[in-house]
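The following blocks contain the structures, represented as C-alpha cells.
Next, two complexes with subunit A in common: one pairs it with subunit B, the other with subunit C.
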Partner chain A sequence: MKEALIKDLKKIVSEENIRDNPADLYVYGSDASVHEALPWVVVRPKTIEEVQRIMRYANAELIPVIPRGAGSSTSGHTTPIDGGIVLDMKQMNRILEIRLQDVLCRVEPGVVDDDLNRALKPYGFFWPPAPASSRIATIGGEIGANTSGLRSVKYGATRDSVLGMKVVLANGDLVNLGANTRVSTAGYQLEKLMVGSEGTLGIVVEATLKVVPLPKFRCLGIANFNKLEEAGETISEIMASGSSPSMLELMDNIGITAVNKNLSLGLPDVAAIILFEADGKVKEAVDYEMEGMKRICEKHNGFGIQMSYDAKERTRIYTGRKKLFASLSRYKEGIICTDLADDMAVPNSKVAECAEKIHEIAERNNVIMSVYGHCGSGVIHTKIMMDVRKKEQWEDARRVVEELYDYVDKIGGVTSGEHGIALSKAPSWKKARNDLLPVMRAIKKALDPNNILNPHKLQDAPDDWVTATKLRYLVRG
Partner chain B sequence: MKTKYLKEWENELNICIRCAYCFEGCPVFKQLSWEADGPRGKAVLAYGLLSGEVEPTKYLADKIFQCSFCRDCVERCSANVSIPDILTAARADLVNAGFKYDAHLDLLDKIKRTGNIFGREIHPPIQGGETPVLLGCRFLERADDAKRYLEILRRLGIKPKVVDETCCGMPFGVLGYKDELKAQQDKFRKKFPYKEFICMCTTCAFFIGKNYPDLKPKYIIEEVAKRLPYYNPKKLGLKATYHDPCNLARGMGMVDEPREILKQIGVDLIELPTKGKGAECCGGGGGLLVSDGPLAERLAERRMDQALGRGVDILATLCPTCEFNIGNAAQRGGGKLKVVNLLDLVWEALR
Partner chain C sequence: MKEALIKDLKKIVSEENIRDNPADLYVYGSDASVHEALPWVVVRPKTIEEVQRIMRYANAELIPVIPRGAGSSTSGHTTPIDGGIVLDMKQMNRILEIRLQDVLCRVEPGVVDDDLNRALKPYGFFWPPAPASSRIATIGGEIGANTSGLRSVKYGATRDSVLGMKVVLANGDLVNLGANTRVSTAGYQLEKLMVGSEGTLGIVVEATLKVVPLPKFRCLGIANFNKLEEAGETISEIMASGSSPSMLELMDNIGITAVNKNLSLGLPDVAAIILFEADGKVKEAVDYEMEGMKRICEKHNGFGIQMSYDAKERTRIYTGRKKLFASLSRYKEGIICTDLADDMAVPNSKVAECAEKIHEIAERNNVIMSVYGHCGSGVIHTKIMMDVRKKEQWEDARRVVEELYDYVDKIGGVTSGEHGIALSKAPSWKKARNDLLPVMRAIKKALDPNNILNPHKLQDAPDDWVTATKLRYLVRG
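Then we have the complex of A and B:
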C-alpha cells in the first residue's frame, strides 16, 4: 500500500519533496508534546495546487492528512495518531504582500512569525500574537492553534488579527474566507472558525493578516510580593482599573527559586513577582499607565518596585522570566518538565486562588508545579515536573490534569488559553464542554465527511490522553 | 544497537522539550530543511536509537554525522541542552555498531601514524622559551604562518616555548571514536606535558578545555588582546569584515576580544549579517568537511556571499578551519574575497 501511496504522491510533488525513510517518519512522529505516533509519509507541498491535488487524492483514498508547521505544538496537534500523510508546510514561506494602505499583509502559511515581524519593522508595524516560540512558529501553526503570547493582554490572540485566508478543504476545493476589511457581516465568519481548528477543518494555504503600528515607547516594571494572594489581587485590580498593560506577568516562588539556582540572578526570595509593562506612541500616556499600575502594586503591598524605559535595563529585568523555563528544566535532578495542563486561562479575579490550588494539587499528587504566565490575560502556565521514566508518575499526572481542569472549569476558566486542545487536553476539555461536542462534530462532518483532516483530535480525541498514543519517553515499570 | 554512550544522555534527552527553537539558526537545517536535518530532529533520532524505536541505518547515521557542531542550537535551546554532546555520544554508539566511514578512518589513520591530520611527519619550529605554545595540526602545516604568530607573541613580551606535539584528539572525539580518543589523549599528554599553555588554534583550545579537565589552555587572542594596547600598533586603515569562529564565539564566549583588536589596529569593521554568538557557521566543524564536503562547501559559500554583500573584499577570522573552508569558497568564487587570519593583520600592525 505504501509503495502505491508514494508512487501516487510522486505524480503530484517532486520526489525530492517526499520522505518515507523510517528515520524521517520517526522525527515527524513527535512534536513538543508528550505524544508520539508515526506517519506513513511526509510531503512538502510548494503550491496551492499541490495541496489541492494531495487533498483530492487523500480524500478519495481515505488517507489521513496532518498539516504541520514548526511542529512546536505542546498538546499533540501534529501527532499523526492514525498515520497518514504529514504535510510539512514550511516550504510555502513567502510574504506575498505588505499593503500598508490597507494595514494588512498576505502571507503563505510557512512564514515564520519573527521573519514576518522583521519584514514589517521597517514600515513601523508588527504582527501582534507574539508566542514565546515566535522564532520558529509558522503563521499556519499560529492560525491552527489560535496562538497568543505575553502581549495578548493588549493585542489579543491570532484570531483577533486574522482578516481572511485561502483554505483547501478536505475534498481539495479552494475557498476564500474573510475579507480585506476590518469589519464584515457578509455571511458566516468562517475564517474565524478556521483559527483554532487545529488542522481539522482545512489546510490554510494563505492568510491575510491585520498589522499593528509599533509603539514608540515601552516601559517595564517589576514588583515583589510576600503573598501570592496579594500578587493575584494586584493583577485583578490592574485589569479592573481600566489600565491597558501591554504585558502583565506573574512568577511564583518555585520559578524564582529555579531561576536563582541556575542563573544566580539574585531575585528576591519572595512569594511572587509581577512584571508589568505599558507601551504607546506618547511617553506621557505610557507614564500614566505605569504610575497607575505601580500604585496598585503598592496598595497590595508590592515592594522593591523598579521601572525602566531603557532597553538594556528592561532586558535585565525580564531575564528571570525569560530564562524561567530553562531554569525549571534544571530544578531538580531527574525531574523533567512536561507540557501538560500548561496554559489554562481563568478569570482575572481567580488567578491567585488558582495558583494556590495548583500548588495544593501538585503536592497532593507527588509532582512539582510552578505557576507563571500572562496573568493579565488570565493565562496561567505551568509545567508538570516529574520523573517521566516512572510509570506511576504518569498516573500522578493523570490525576493532576483531571483535578486541575475540574477546578478550572468550576471557577469559570477554560482548558486552554494559548496552546490548544489536540490530544493531551482533550479529555478534560470534552468533559467541561460536552454541550459543544455535537455542534463541533456536525461542523467537522460537514467540512470533512471522510474524517481525513487531522483525525482524532479535539472533539474526536481519545478519552484517555495517557494512552491516546505511545508516550515519547522511555517509561519503565 | 547497544547505546553505551547515549545511555548517559537519557536525562538530557528528556529535558529537551522538542520546542524546535534550535531550528532557527541551524545552518544545516537552513540548507536541507527536512526536520531530520535540524538539531531537534537529530536529538529525536538519538532518542530513537536509545529507546530502540529506530533502527540504526546508513541513512540515519548520515544524518547524525551531518552536523558542524557549531553550537548555534545550544545558544538557542530553551532548556540548555547540548545537542552536539548528545550527537557525539550517538556517533560513538554508531561507530561501535559498525557505522564507520572510509573518510573518517582515513583521517584518523593519518593521526595515528603521524600525529597530525595531514598524515606526514611535520615538526614545529622548536623554540626554547618560557610559555608553552601549542600550534595544533593546521598551524603545524602552516609553518611560516606559525612562525609569524609566535613572533607576535614575542613582540608582545611572551617567550614562546615550542616542542614537538601531537594532535589533541579532537577528530577522534567528534567523529565518534571515543575509545581511541583516550589513547590519543595519552599520547598528547606525553608529548605536551604542560598544564597551562597558549593555543594557537581555536578548535584545539576549545576541545582541550572541554575534554582535559586538568589542563588550562589559553587561546592566543586573549594574550594578544590584553597586551596589544601597550605596544602601540600601527593603524592599518583597512575595511574588513570578521567571521566569528563557532568554537571561539559560542564555545569560549570570545566575541569582544577580536573586535577590540581590529579597532586598535585601525580596521574599519563591517559586520556580517550574523555575528558574535549568533554568527552563522562556515561549515568546517564537527567533521562535516569529511562527512559531507559538498554541504560544508555550500555553507562556506553562503558566508562568502554575505561578506561580499557587505561590500568588503577582506574577511578576517581566527579559526584555521574557517580560514581553510571560506578561503576555498572564495577561490571557487573567483577570488573576489581575500580570507586572512586576524593574526596576520596584527602582524602587519606590529611590523
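Then we have the complex of A and C:
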C-alpha cells in the first residue's frame, strides 16, 4: 500500500519533496507535545495546485492528511495519530506582497513569524502575534492554533489580524475567504472559523494579514511581589483601570528560580514578578501608561520596581521571560518539562487564585508546575515537570490535567488561551464544552465529510490523552 | 393554521407578547430595506427558556423564525419572506452585568447601543461599535450584521469585541460559545461565526462583550478637497503612514449639498470633505496623530482645515455626517433615498476610484448616489436616490446594483462592509463569492437542517432582489 501511495504522490510532487525514510518519519512523528505516532509519508508541497491535487487524491483514497508548520505545537496538533500524509508547509514560505497602501501583506503559510517581522520593519509596520517561539513558528501554524503571544493584551490574537485567506478544502477545492479590508461582513466569516481550527477544516495556502504600525517608544517595567495573590490583584486592577499595557506578564517563584539557575540573571527570590510594558508613538503617552501601572503595582505592595525605555535594558529584563521555558527544562536533575496543562485562559480577576491552585494541585500530585503567562489577556501557561521515565508520574500527570481543567471550567475559564486543544487537552475540553460537541462535529462533517483532515483531534480526540498515542519518552515498567 | 399556531404559542409566552393584528404585522413586515413581506405572527420573548421553547416548537412544525432587533437593517435581513414567526428580541433588554475586574459586560440582545454606552460611561468604558443608528440599534442586531460603524478604523467591528454568547440553536438547544477572556482558542470559534450570520444560524440570547476604556481626549478635524481623487489618496496615505485615526470619514458633494440644504450647516460646496479624528488619554499623543493627518491632507491639496477638541465644536462638525442619511432623504422633491447598494468594502487604495465609479454608474443609470462612509476601514456607503413610484427606476436600480458590485469585486472589494447581505445584496454577493456558496450551504445545513432560521437569505436568497418580495413602495404601472 505504501509503495502505491508513494508512486501516486510522485505524480503530484517532485521526488525530493516526498520523504519516507525512517529518520524523517520519526522527526515528523512528534511535535512539542508528549505524543508520538509515525506518518506513512511526508510531503512538502510548493504550490497551491500541488496541495489541491494531494487533497483530491487523499479524499478519494481516504488517507489522513495532517498539515504542519514548525512542529512547535504543544498538544499533539500535528501528531499523525492514524498515520497518513504529513503535509510540511514550510517550503511555501514566500512573502507574496507587502501592500502598505492597503495596510496589509499577503504570505504563504510557511513564512516564519520573525522573518515576516524583519521584512515589515523597514516599512515601520509589524505583525502582532508574538509567540515565544517566533524564531521558528510559521504563520500557518499561528493560524491553526490562533496564537496570541506576549502582546495580545493590546494587539489581540492571530484571528484579530487575519483579514482573509486561501484555503484548500478536504475535497481539493480552493476557496477565497475574507476580504482585503479592515472590516467586512459578507456571508459567514469562514476566515475566522478557520483560525484556531487546528488543521481539521482545511489547508491554509495563503493568508492576507493586517499589519500594524510599529510604536516609536516602548517602556518595560518589572515589579516584585512577596505574595502571588497581590500580583494577581495588580493584574486585574491594571486591566480594570483602563490602562492599555502592550504586555502584562506574570512569573512565579519556580520560574524565577529556574531562570536564575540557568541564566544567572540575579532576579530577586520573590513569590512573583510582573512585567508590564506600554508602547506608543509619543513618549508622554507611554509615560502616562507606565506611571499608572506603576502606581497600581505599588498599591498592591509591588517593590523593586524598575522601568526602562532602553532597548538593551529591556532585553535584559525580558530575557528571563523569553527563556523561561528553556530554563524550566533544566530546573532539576531527572525532571523533564512536559507540555501538559500548558495553557488556559481565565478571567483577569481569577489569575491569582488560579496560580495558587496550580501550585496546590502540583504539590498534591508529586509534580512541579511553574505559573507564568500573558495574564493581561487572561492566558496562563504552566508545564508539568516530572520524571517522565516513571510510569506513576504519568498517572500523576493525568490527575493534574483533569483536576486543573475542571477547576478552570468552574471559575469561568477555558481550556486553551492560545495553544489549542488537539489531543492532550481534548478530554478536559470535551468535558467542559459538552454542549458544543454536536455543533462542532456537524461543522467538521459539513466541511470534511470523509474525516481526512487531521482526524481524531479536538471533538474527535480519544477520551484519554495518556493512551491516545505512544508517548515520546521512554517510560519504564 | 394560524389559529392553531397562536394557540400553541400562547402555551409558551403570555398573550400580550403575541401580536397578530394587521397593523402590527405590517410594522414587522418591513425594515429599512426596500422589501416587504408579512409575518404570520410576532412573538416577543422575555426569557431564554421562552426562546428555546419557541424554537423547539417551530423546528418540529417547520415554521420559519426571523429574529429582529430594531429593524434598522438595510437589506431585508428581517423580512419574513415566507411568513412565519418574527421574534422581536427588544424585550430581552437587560444589562446583566458590568464586570470591570474582567473588563467585560454581559447583556441581553435587545439592549440598545446608546443605552449600553450610557451605562458604561460612569465607569470610564465604552462599547466601540458606533453605527449611525446607535440610538435604536440593538446589540443583537449589531451581532447579526457585524456592525462596525464610525470608529471601526481604530476599534474594529462588532466581531472584534464579542467575547462570547449564549445561542439558542434551530433545535432549541442552548449553547455557550466563546470565553470570558480577551483571547481564547478552545475549539471552533463559533462565537465569531455567529457574528455576521444574519440570524440564519442561531438566536443570540445573551452576549459577553469586551469593553474599552473611554479616551480622555478626542480631536476632530475636517478638510475640504476640490477633487474626490485627492480625498481618496489622502485616506489611503493616512492609513499607510501608520497614523491611528479613531475616525476617518468621507463625504462627497451630493452629501454636502444635501446636508447644507437640510441643516444649513454652511459646509463649503466642494468635491469632498474628510473628517479625521484621533483619541487618547494624553493630549500630546492626540496632537501628534492630528498633526500627522493634517500634513497628509495638505499634501493632497486639502484646504480649510479645522481641528477641535471642544465637544460642542466637534458635534457641530460631526452633525453633517451623522445626519447625512436623513438629509439625503430630502435631497430632491419626488426622489426617495432607498437602502440599495448601500454598503461595500474596498481596499483603502481604491476608495477614490470607487467613489468616482459610483457617480459614473449613477449618472449613466438615471439615479442619484451620494458617496460617504468609514473609508479608513475601506467601508463605502451610498444610497440609490430615485423616484420609487416609477417602475423603470427599479430597472435602473437593478442595473446599478449589478454594475457596482461587479466592479467592487473586480477591484478586490467585498459586497458588504458592515450592513450584511440578506436579500438585496445577495445576487451580487452570490455571483462574486460563487466558490464559497457550497461551504456556506453545508454550514447552514449542519446547524439548521430544517432551514427554519431566517430562511431564504444570504446563500439561499432569490436570484433577483427586485422580485424577491413585494417592494415597500407604491410602484405605478
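Note that the second predicted complex is superposed on the first by the 477 of 477 C-alpha atoms of A that agree within 3 Å, B and C clash if a C-alpha of one lies under 4 Å from a C-alpha of the other, contacts with A are read in each partner's own complex, and residues count from 1 in each chain.
We adopt the following convention: a contact is a pair of C-beta atoms (placed from the backbone, for glycine too) under 8 Å apart; a residue touches a chain by one contact, two chains touch by 3 or more.
Please read these numbers as outputs of a predicted model, since none were measured by experiment.
Enquirer: More residues of subunit A are touched by which chain, subunit B or subunit C?
Expert: On the superposition, C touches more of the residues of subunit A.
Enquirer: Which partner does A:339 reach: the first (subunit B), the second (subunit C), both, or neither?
Expert: First partner only.
Enquirer: Applying the touch criterion given at the start, work out whether A:474 contacts subunit B, subunit C, both or neither, answering first, second, both or neither.
Expert: first
Enquirer: Touching A:182, do we find subunit B (first), subunit C (second), both, or neither?
Expert: The second partner, subunit C, only.
Enquirer: On the A-aligned overlay, A:23 touches which partner chain: subunit B = first, subunit C = second, or both, or neither?
Expert: The first partner, subunit B, only.
Enquirer: Does the superposition put A:83 against subunit B (first), subunit C (second), both, or neither?
Expert: It touches nothing on subunit B or subunit C.
Enquirer: Applying the document's definition of touch, where does A:146 land relative to subunit B and subunit C: first, second, both, or neither?
Expert: second
Enquirer: Taking the superposition on A as described, I'd like to know which of subunit B and subunit C A:373 touches: first, second, both or neither.
Expert: Once the two structures are laid over each other on A, A:373 reaches no partner at all.
Enquirer: Once the structures are superposed on A, label A:388 by its partner contacts, choosing first (subunit B), second (subunit C), both or neither.
Expert: Touch partner of A:388: subunit B, not subunit C.
Enquirer: May I ask you to decide whether A:232 touches subunit B, subunit C, both, or neither, giving the answer as first, second, both or neither?
Expert: Neither partner.
Enquirer: Can you list the residues on subunit B that touch subunit A in the complex?
Expert: 10-11, 14-15, 17-21, 23-24, 33-36, 41, 44-45, 47-48, 50-51, 53-55, 57, 59-60, 63, 76-80
Enquirer: Could you please specify the touching residues of subunit A with respect to subunit B in the complex?
Expert: 19, 21-24, 26-28, 30-32, 42, 44, 70-72, 74, 88, 90-91, 114, 133, 135-136, 325-326, 329-330, 333-334, 336-339, 388-389, 472-474
Enquirer: Which of the residues in subunit C come into contact with subunit A in the complex?
Expert: Touching subunit A from subunit C are residues 99-104, 124-125, 145-148, 152-153, 156-157, 159-160, 169, 173-177, 179-190, 192-193, 195-197, 201, 213-214, 236-237, 239-240, 242-244, 280-282, 284-285, 288-289, 345-349, 374, 376-379, 412-421, 429, 433, 435-436, 438-440, 442-443, 445-447, 458-459.
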